[in-house]
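Some structures to go through are shown next.
In what comes next, subunit A is part of two complexes: it sits with subunit B in the first one and with subunit C in the second one.
The block that comes next holds the complex of A and B.
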């Protein structure tokens, strides 16, 4: 990625010039209005109080006119508010926390690996090297069926994992929001690689006895970015249906997808993907405005499937022995960077303050007209957002994004710590990260959050939220018992 | 000055009119039109005729005489004919060990054939598609099948794509529902809905009777539909969506468990169709009808029905031995054509009886079941194509689509025909003139009826037995 403006930007003087410029451009309206207001004030003071009273008395309005005008104003205000798109609020969300019996510390994982792959010591070594550099911790969890040697991924075990994860998350959410199952109008479940008939959404309807006119959707195959796709669908639905609650469940069921072969490229997901799930309640009811945690501002989706390399970089296929697994190609990082660039070009104009956009515009014009050798300006997204939730896809993904967006260590701390404590939980990882930021007490009213997720296909989706009320340190949630130990320093290589 | 108050009044009035106009204009752009649709006809080497079916059954060493007798009864009364299509891996003899590649190739064949034809017919290019909804129930691959389509047709980066799975045979109206909702929030949108079923990986190879039934009924098929809400394309549109109602009975345990994918006692995965499937279906069906009837029937019919029900209630109260029959609501007053999901002969018969439909009304569904089998979510589109091929659809007609699926869901929608439709090359073109045939019973009974006489103790098929 190209660098920012050349080295003299580190000089102190330019920094203040930049700050002044930003302040000027972002508050330009105020700067114009102030002279006008001052002028009016001076004029009023010059006229004096008696003249003011004379002017007031000379305006006669009779009763009819006043009534008509007030009705008109009220009518216009109503029509205006009716035609605005509805605000979508995130009332609350809950993340699944696996019991300690499901934990897979490095020693357990390597022991399993050695026993199952005893004929392929090279594959065992490969897994060990990946695990050392993965950024995962000792408390990530795998479902019970995978703890068997060899794993027993029956359909019943997969259903069992789905029930455990999804129902726990929804139970926890219902307790937090005090909502009844009969109140839910829209249900969206997304789980990439497990889709039984009837769907997981039907399973949720059955367990919680949801209403028969519920609008349920079951998305799958959409990878780690599916959580934001579900939020996008919920947003479209909530625009059309007034006064509704939408329950979005994001999860990934590991049991049927644990690779049982020995191809090295396909063993990589085994080292990274872990059990996890989240349930989110969205609402467009006016009365939730006071109790909602966040308000959805934008959702931007980018799909690079038209490009050959992007499409093939996360690919499910069979290995020569016929075992199914996910193949991650070597240029995953490059493709992720490209997809992010496309996403940024769309989301930039929506969220960046005017100062950044102007700078970007000037450099763009300059490159086109004056000198193509000018370095392209990377807008400073730290101006637009206070918190960043980057999908914990792996250590390399977080490093790459930190470099591309020029973020500090504190900005990506949530992502790194989520990867360490929970592993790559696919579409629900963004919610664990949000939980981390809340648990650390960093979320204040008015803060803007940017959630970015990548997924197979190749997709890059982002969502922008605005914090609706200052969130106190939560007393429950997946981080409750371990937040005090964080942040931990994660070394480059953990020697096993 | 007079001008100032005039100006002061005009400005807010203008503002008001502008806002009102915006609201009305939005309504105009929220209609859901079908531009065109294309059903899939697999290649002829994939046909599963009676002889071949017998061959497949014989190949499954798990099955014994009891299962043969059961299968005979099931297939004879299924209403399925000689020309239905199966997945390639069955015709190639590999149904015991299908691979992921088989499933992907099955889908690729469908996409490349049908979606190409659809784009050519309508003249729309793939880069103009804004929304893509794919629903293929039994296959969840990574990257999703929707990404596969985007990759193949090089669609735009900002496309809105949704991949639904697991929603069973009633998924078509669900996909249309997503598109309908997006149409209400955005203008000038073109949407592509692709619906099909992947049979390769779901083929059951065990011997549980409730699960083998699925193999006898489900066949390969699919449909691609282009929809839009552009007012400019209204003249070219075929249908307009009037209303759509979804009913989900998953809350009831018997409804949820009557059609469920699970492992049998030996660990083979298949779809279990329970004995209470008809009852669950009827319950969901009736509730769905109750909700959609007020939206689609004329007021006169509704009043008549309410009046008759009240009269019956009153006469029942006064005379304890009231033998008056229940008043039946007449759907034909509001609907001209019925597209029923071809779940099986029993399903079609039950629906016909409940709605008081004539043979002429259910002929399209019966013929689709006979010619294409139960193609799951896309079956209602084949039924629609039959009606179009028989030139039954005239401008202003109302078409009622209803389908049932696992969960237990019952979804229905009402379409209005926008212009007189003729055949112009749809999937039934080559053989529409031979329909309806004189008889729709398949030759399964005459070929294999002798099985019924066999004694389980002495029954044995020699290894070199060749099916005539």
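The block that comes next holds the complex of A and C.
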């Protein structure tokens, strides 16, 4: 007992010191301004009203000076307001909920794997080990074509899946936001691995009869971080086009990409990737200021493709039998860690409070000048954000980020539960996680959210949102029927 | 001729996940039936115009909902440390095959034989590692010009014909109305109630001996190819048959009358000397044991009927023999058998359908109330208890449409081909003028079903 108490009391003292320091540094301006204002007030009170009037008269204002000053003030204000970047609001978003008939329990997955890969028992065992440790649950969904024995990934089936996912999400979004198809000015669809002609964005234009002068874009091949790339693109477009709506659709179509061979490094995506999609409505209209859920604050993109190892770490190729699949290299986590560090270095100064930045600066100077052996200071991002949405790429990714950013279990709960309930839905997983936080009723006005996504290339992209209004528990959404069962404890290994 | 073409084969999953760690043990009666499997085909007409594949999709969604209540079907076979089969409810799903057929269902039913009918079911023999082997297979065949056939195949380890019919009925209820009228119950066979034992009770030795013999017999020889025909006897004819076997009509059931009739005729056709041919009857014991209609599992018991010394045309004596055995198969007798089976803990697998002529009473099986769409009762329901390796099979089934209390019956007869020919020409059978629903391909069916 005695050895625990001193640690506890010393850590409590340290905590108060830290709190005091943070409060002081973050509100330093207030601390300077208050004495100055008190001083002026005391001076005014001392001088009295007649003295004040005398000082005023002695300034000798004439008409020209007053006019010029006021014109100058108006001119500066106009320039400021015109050059300020437009605020981008996220009006609302909708996530696709797959029907329960598409559910894939572990035992079905393993059974199909055994039936299809009957000549490769080692590959089947590998898949079983991955599945046991994956962090997925029994309710993740695969598209119908993958339920067949053997799977039949035809183009028709892929288009069918795309239509089902994208149109459901967009219908749901239109119902929530009461927007008409004719109002959409910008359309961006991102789907990494399925890119038919005509594109998926053309498919959306055709289905909803969007305007002929719509600005539509289709991003493919950009991996799981393409969702945030689309948001970045939408933001830039909304700066150029005033008074517009942008519809962003993020999805990943599983049907054509189910690896049918037996190479182990390429079987991993089969175990983790699942059906999902999201549709997001962004706006730069002033009238959406009151009804929008979030405001976009920053988007930071980091690309490590210049490094050969990072470029090849998620690589689509043919296996020795000629079957196409995505090869994940063994140093994926290391590269992800480095990409994250790069991204944090850029985003840190934008979002961290002054106290953390100062500490980081001092430690950096200290390491460079005094002693390189000092531990590098990892800024405490928990002070900059209330909620974290880490792309649910796999259990290892979430564990790694939790360790690196020193996050608590509650911060990563949204990511872990999304991985459990929906699997890795690629670019749309961030939106399922956001939906989880809202469904739990944790989203309050003024909360800041950090969305981090990794993708092939190797890219690490972040988006920072600020909550615009307190969001009540939603009555619809993908979590509606199961949120009461969450959070669930996910064991390290699920025995199959 | 490729009349039936395969569209796809998939696994259907239940909509609700199964709680992990659940097991459904198999009873002593279940475990005896390991070598056998069932095929059942339900035929329906189309009531509304539909796109191809639309009805199959609806059925698939309904079956996924239904499977949530049947974790035993989506589970897999697993051997306990004692070496007995049990089902581990691991939520693996059920296989479903979809197919298309040319023509209409009515036309199909007119030109049917055993091989053709078995194209409408899908079956896979038990794998060497049964943990990846689905115990139930459903095949849905849409007819291009109208109609649909639903074929169910399953291992007899888990279900007997009444139980499989209950499954299809549950599926139909789910498709039509979204909920099951008789939800299934999974519980062991009832044991003997403690206070109820009659101290003077003699164990039912004949029944136990019959099972003992069946278990110890060597494997039967698979030689002659068997064919199947289906005959329909209308109400008046069955009543006439009953009157033939007993002056007082009410003391005989249609089963006893028809079973006696066919016992006598088949013996004649086989040329058995010194009595009637060896026959066993198979009865549904659910009512006798007081089980609920939703009971899932095997509950049909076989017993030998004694045909020694009965001459060729002595229908009355044959019927009496059958009635005597039916009477003796009461709750106590069945309990004796079950207890004996549990104690004996055998490891050998009997061929329960493999030797004698088997006469199965499926009268009470409620197949014609499985309605998937409004006002569409099944046109016909066919049952096959496989493998057909014994002397023959007689299945006595309820009539297709109309009232339940009628005495009309449909009889499925499986015998070697030459014996079937002789049976159809037999005077005794002709006396009751059956309608041939499914004959030998050489003969054209005279009237429609």
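Keep in mind that, in the parts below, the second predicted complex is superposed on the first by the 453 of 496 C-alpha atoms of A that agree within 3 Å, B and C clash if a C-alpha of one lies under 4 Å from a C-alpha of the other, contacts with A are read in each partner's own complex, and residues count from 1 in each chain.
To be clear about the criterion, a contact is a pair of C-beta atoms (placed from the backbone, for glycine too) under 8 Å apart; a residue touches a chain by one contact, two chains touch by 3 or more.
From a predicted model like this one, the values you see are computed outputs, not experimental measurements.
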Q. Is the arrangement of subunit B and subunit C around the shared subunit A a clash or a fit after superposition?
A. fit
Q: Scan A:108 for contacts with subunit B and subunit C and give back first, second, both or neither.
A: second
Q) Given Cα centres, how many degrees, to the nearest 10, is the angle at subunit A formed with subunit B and subunit C? A) 90
Q: Of the two partners subunit B and subunit C, indicate the one touching more residues belonging to subunit A.
A: B
Q: Applying the touch criterion given at the start, work out whether A:152 contacts subunit B, subunit C, both or neither, answering first, second, both or neither.
A: second
Q: Would you sort A:395 into first (subunit B), second (subunit C), both or neither based on which partner it touches?
A: neither
Q. Thinking of the overlay built on chain A, is A:387 touched by subunit B (first), by subunit C (second), by both, or by neither?
A. neither
Q: Please work out how little space separates the C-alpha atoms of subunit B and subunit C at their nearest point after superposition, in whole Å.
A: 15
Q) On subunit A, what residues does subunit B touch that subunit C touches as well? A) none
Q: Would you mind writing out the residues of subunit B in touch with subunit A in their complex?
A: 9, 12-13, 15-16, 19-20, 22-23, 99-101, 137-148, 150-151, 154-168, 174, 177-178, 181-182, 184-185, 245-253, 256, 259-263, 267, 269, 271, 287, 291, 405-409
Q.
Going by the contact rule set out above, which residues of subunit A touch subunit B in the complex?
A. 69, 72-73, 75-76, 79-80, 82-83, 85, 154-156, 159, 192-203, 205-206, 208-223, 229, 232-233, 236-237, 239-240, 301-306, 308, 311, 314-318, 322, 324, 326, 342, 346, 456-459
Q: Flag every residue of subunit C that touches subunit A in the complex, lowest number first.
A: 8-13, 15-18, 60-61, 64, 76, 90-93, 95, 132
(Q) Show me the residue ranges of subunit A that touch subunit C in the complex, using the header's touch definition. (A) 99-101, 103-108, 111-112, 114-115, 138-139, 144, 147-149, 152
